[in-house]
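Below is one structure, written out as structure tokens; the observations come after it.
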Amino acid sequence: MTGIAVLGTGRIGRMHAENIAAHPRARLAGVYDIHAPAAAEVAAQLGVPRFDSVEAALASAEVDAVLIASSTATHADLIEQSVAAGKAILCEKPIDLSLDRVNACATKIAGTSLPIMLGFVRRFDSGHAGVRKAIESGQIGELHQVTITSRDPGMAPDAYIEASGGIFRDMTIHDFDMARFILGEEVTEVTATGSRLVDPSLMQRCDDYDTVTVVLKTESGKQAIITNSRRAVYGYDQRVEAFGSAGMAISENRALDHVRLYGAEFTDRATPLKNFFIDRYADAFADEISAFVDAIEQGKPVPVGFEDGRQALLLAEAAILSAAKGRTVATREIG
Amino acid sequence: MTGIAVLGTGRIGRMHAENIAAHPRARLAGVYDIHAPAAAEVAAQLGVPRFDSVEAALASAEVDAVLIASSTATHADLIEQSVAAGKAILCEKPIDLSLDRVNACATKIAGTSLPIMLGFVRRFDSGHAGVRKAIESGQIGELHQVTITSRDPGMAPDAYIEASGGIFRDMTIHDFDMARFILGEEVTEVTATGSRLVDPSLMQRCDDYDTVTVVLKTESGKQAIITNSRRAVYGYDQRVEAFGSAGMAISENRALDHVRLYGAEFTDRATPLKNFFIDRYADAFADEISAFVDAIEQGKPVPVGFEDGRQALLLAEAAILSAAKGRTVATREIG
Amino acid sequence: MTGIAVLGTGRIGRMHAENIAAHPRARLAGVYDIHAPAAAEVAAQLGVPRFDSVEAALASAEVDAVLIASSTATHADLIEQSVAAGKAILCEKPIDLSLDRVNACATKIAGTSLPIMLGFVRRFDSGHAGVRKAIESGQIGELHQVTITSRDPGMAPDAYIEASGGIFRDMTIHDFDMARFILGEEVTEVTATGSRLVDPSLMQRCDDYDTVTVVLKTESGKQAIITNSRRAVYGYDQRVEAFGSAGMAISENRALDHVRLYGAEFTDRATPLKNFFIDRYADAFADEISAFVDAIEQGKPVPVGFEDGRQALLLAEAAILSAAKGRTVATREIG
Amino acid sequence: MTGIAVLGTGRIGRMHAENIAAHPRARLAGVYDIHAPAAAEVAAQLGVPRFDSVEAALASAEVDAVLIASSTATHADLIEQSVAAGKAILCEKPIDLSLDRVNACATKIAGTSLPIMLGFVRRFDSGHAGVRKAIESGQIGELHQVTITSRDPGMAPDAYIEASGGIFRDMTIHDFDMARFILGEEVTEVTATGSRLVDPSLMQRCDDYDTVTVVLKTESGKQAIITNSRRAVYGYDQRVEAFGSAGMAISENRALDHVRLYGAEFTDRATPLKNFFIDRYADAFADEISAFVDAIEQGKPVPVGFEDGRQALLLAEAAILSAAKGRTVATREIG
């Protein structure tokens, strides 16, 4: 049993804590949050200790690994501290909003053999992973075009948006990682376009976009197209489509239920989509913990690591530049 | 070019006349209706002669064949007259509401080598025919169960219902033929159940049902299940499903269009179903004419003939008896 | 926390034990199996006591309730013993293969206020329950016809089939309960047909069928059609369709994953169906435990009780008689 | 009855000739082709005159209108000649491969009140038009993103590709028009990317692409994304998706038939897609003729005119420049 401490017990940290507690090969060693009552509530509910500080958590012999789910600004520091303490790490995305900070962190932890895994949970979705498997097994031949549709069910609160680092770093970053996962090779060119259609005044104020399209290209010419919106009224729209020389594989949306309704004005009507990521990716979050435990216990490589987190951020930086300049940006321009 | 006269220019006769007029290998030789103005209107519209009488039509050298679309009570007489006149026949279902009359007609025309085809148009539907082809090509292995869902979009006028001969002879008869077509062997047992749910008072008055289920069985044990309703608010529900030892083939409903709609309360909503048979089976009606012309010009056997019409009526008689007696009826009890 | 002992640790008992252990409001008080090593393995795996006997389990103060998952022949006895011991009961279907024994059991436990729940798990499936909800909320108007397609992915071992009590008591019984659940009123007439198509020689030997169709009718004329096969090569086929005066609701099959594949010969190809009941109804089994705990802790009525188990068996008896006699059987003929 | 002459009797001209001949309100006045035997064959088959020259066709009193389906290089000349002769025009796309030539043609025919319609047939597809209607009726709220997937089933012959003017002018041009049709406002920015993945050596030789993605943006920030491939093995992939503030509307692909197949390895498998445009857009081609006849007979405006043809070519020019320069191109840069 691997003992895992959860650092940060907000909505996503709490979910991870529950998944770890329920996992047959993991043990929730305790929880920490900068806001002690939040951690206390989760600790009480799950019957585990609350740590008074990050240091206490990292010092505990019960803690083999940490799951970092605190606010973004703390991620890089916590990674560095955890590596120093010899703990395996599963860190929520992004590593940091600043590529410089990520690079500095990379330098600092260089050479560690500890498992450091990034929480790009969508890689563990059976549908999206099924598309990747279809490619690997040759079912669609040579990959040519990837289409990722990714729309949130609704605008986050203004305060969240303002501190998010912008849509490319906050939301599209998942899709950048998905594109890399499906493409199976590095992106060399990024072209991005943004619009302000959902909440123009907020977007204006933040110098951000709520509706974006990004086109990625690899050295060999493979294309990936990402379309994002901050608000889809019909729910959390999450689709991945891979087109190749011998066919196509599609990972479909998930409705709340497998019921179809017919009436006087319509037929074959499905229920709304699962909403939001905690429901849509419930199985994927559980499988993510399994993969992390496998990496720790069996020495398997982490399926998505620090460098994947860095690459996704690098693509976000390229997209920001591309949208601002109105031109294709080579990833080598960014770093 | 085969010259075809249409006898009876009601809704369905008019449609057949248009299909014949537009057919590359057929020629509409003229039309007749007991109500002369109805025939005159169609004749004018399509630029063809109106015949003053059935005799005139059958006497015309321009007429190689007749399409009988007049009222049911006239079908058997017209078949006999047309055979006597040496004309090929495409007759709308049913041959007659009385099995005795059908048997008498069979005796009278016995030995003719003229093509006599029955208008069970659904056999020509590419979906339903596709299910049959899947069976013939071995794609579902040995056939075990056939499920036919067949619901009209709305009640016909009371007068029509009253004269229809009852739901089994009027509506289920199409499904009896479809069951025989898909089963590929004769039915030996019929078990039927009827309810009065759509218009109980009318059904009571007519001693009829508006909602029925029929289970058919063949000598080898294959089963076919037919469910009918006189009114489906979502449109003309026409599905055929064939289940076998190696798989299943389904002929699906046809929506008005290939548009799917998503909104705040639903996803993947399709348009209503095509409504009614003239739209749903438009291609099938055209292909039916082609098959008829093939039989005449190339001497191919008619794909669905007089005996098929007789067998479907025989199953209707068995169903009527079964529903009345509450027991399974062997088809050999009927004739 | 409700303490529950699991009696019988075969495949399904083990699954229930795991679900109870993982349930936030239940506690697995221990397990028992007539084959001690089987119980010991589950006990060790889940870290709970193994009981030496049923008596020991029923005597334990830790045990508030029992889940009966032992062989069918023991169910009625265990129900009687558990009621005598004052324990709430969740019993796997069927209560017994003999209606007489079930009636005797009913007499013996008459008047108990203990929650006695029957394991008709499909009522807890969100899809099937969604169809029921659509009816209750008026979305399809007055219910007219229910169509239940229920096919197992493969033949059980010969020994199982031989001891099963026949397909109507063993397999269709789930569909009888589903029909009652969806219909919302009692069945008054049963008409059944059976064939031997999957394994004719085994079926001959057991005087059983592997392919059946049953038509049920209520006093008001509502119809339910059940089609069963012991083997569907494409997986565990579980569909429920409710047709009414204002629309239709369909509970669809569940594919292994939401991936669609396109190739040179086909499009929109889905993965095989979930296979078998433990996977297909995984969420339903967990929700079943919740409903049981609700009944115990909050005094809510059990959503499916002893009488539901008796009624389903009664319909099975009627179907057996109907198939044998070739006639519709009134349920009042049976009991 | 409007008399229409077809100029050019290749594959598409022949189809148009058949549609005109079958149209209830049009009359095929005759056909012309620079290769006389080709025209003669069609003329004989449809029982209409063959014209010896364009001049003869334009001089005929039987000719009210011309359908131009000759090679692209002749379109602009034929438009000018036909306008001079006072004939209404339905011209296949594109007007010309050169925007200068199109502009010169526009100048020459300026002021004519003759109906001049462009053959962007996809606007007449009931699915794509259904998406537009959903937008116009407010069903998806404010339009935000349009996604057009458009893939040919296979590479055209090398000679065709070499003379095509490149993928943007030859293939994407349909999608540029579709984007304008769905967006309902003019595009101001074009960003295009091309790859050589299907036939790299041919593409290299032609300095062309076989796999492209184009992102369009309007003044108000609406986005349209077009993905093209010259070869989809699963058939002619033609989808349009419109996402807005209140929902989404999707025009789906068309399978050859409504049959779904289930087997040991798969479920719900559809037939391949309709292949190619003559089948996929058969109804749309017929409706296009109707719209043309309406414009002539009833003086309705043509639903898609010369300026639409010019705008689509302008977007193609912008895309070519964008792909070459690796930057967003403002349409006002092109003209």
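Every chain is named by a letter (A, B, C and D) in the order it is written, and numbering of its residues begins at 1.
Just so it is clear, a contact is a pair of C-beta atoms (placed from the backbone, for glycine too) under 8 Å apart; a residue touches a chain by one contact, two chains touch by 3 or more.
Computed from a predicted structure; not experimentally measured.
> Count how many hops through touching chains it takes, at the least, to reach subunit D starting from subunit A.
The least step count works out to 1.
> So using the touch definition from the top, which pair is joined by more C-beta contacts, A-C or C-D?
A-C
> Could you check if the interface between copies subunit B and subunit C is built from the same residues on both sides, meaning over half shared, or from different ones?
same
> Farthest chain from subunit A, comparing Cα centres?
Looking at centroid distances, B is the chain farthest away.
> Averaged over CA atoms, how far is the centre of subunit C from the centre of subunit D? Could you give it in whole Å?
The mean C-alpha positions of subunit C and subunit D differ by 57 Å.
> Using mean CA coordinates as chain centres, what's the gap between subunit A and subunit C in Å?
Their C-alpha centroids are separated by 40 Å.
> Touching at least two other chains at once: which residues of subunit D meet that condition?
233-234, 246-248, 253, 261-264, 271 - these are the residues of subunit D that touch more than one other chain.
> Give every residue of subunit A touching subunit D within the complex, in rising order.
141-142, 144-145, 147, 149, 151, 189, 191, 193, 195-198, 211, 213, 215, 217, 220-223, 225, 227, 229, 231-234, 237, 243, 245-248, 326-328
> Once bound in the complex, which stretches of subunit C touch subunit A?
Residues 22, 126-127, 130-131, 134, 139-140, 246-254, 257-264, 271 of subunit C touch subunit A in their complex.
> What residues on subunit D touch subunit C, complex-wise?
Listed in rising order, the residues are 233-235, 253, 255, 261-273.
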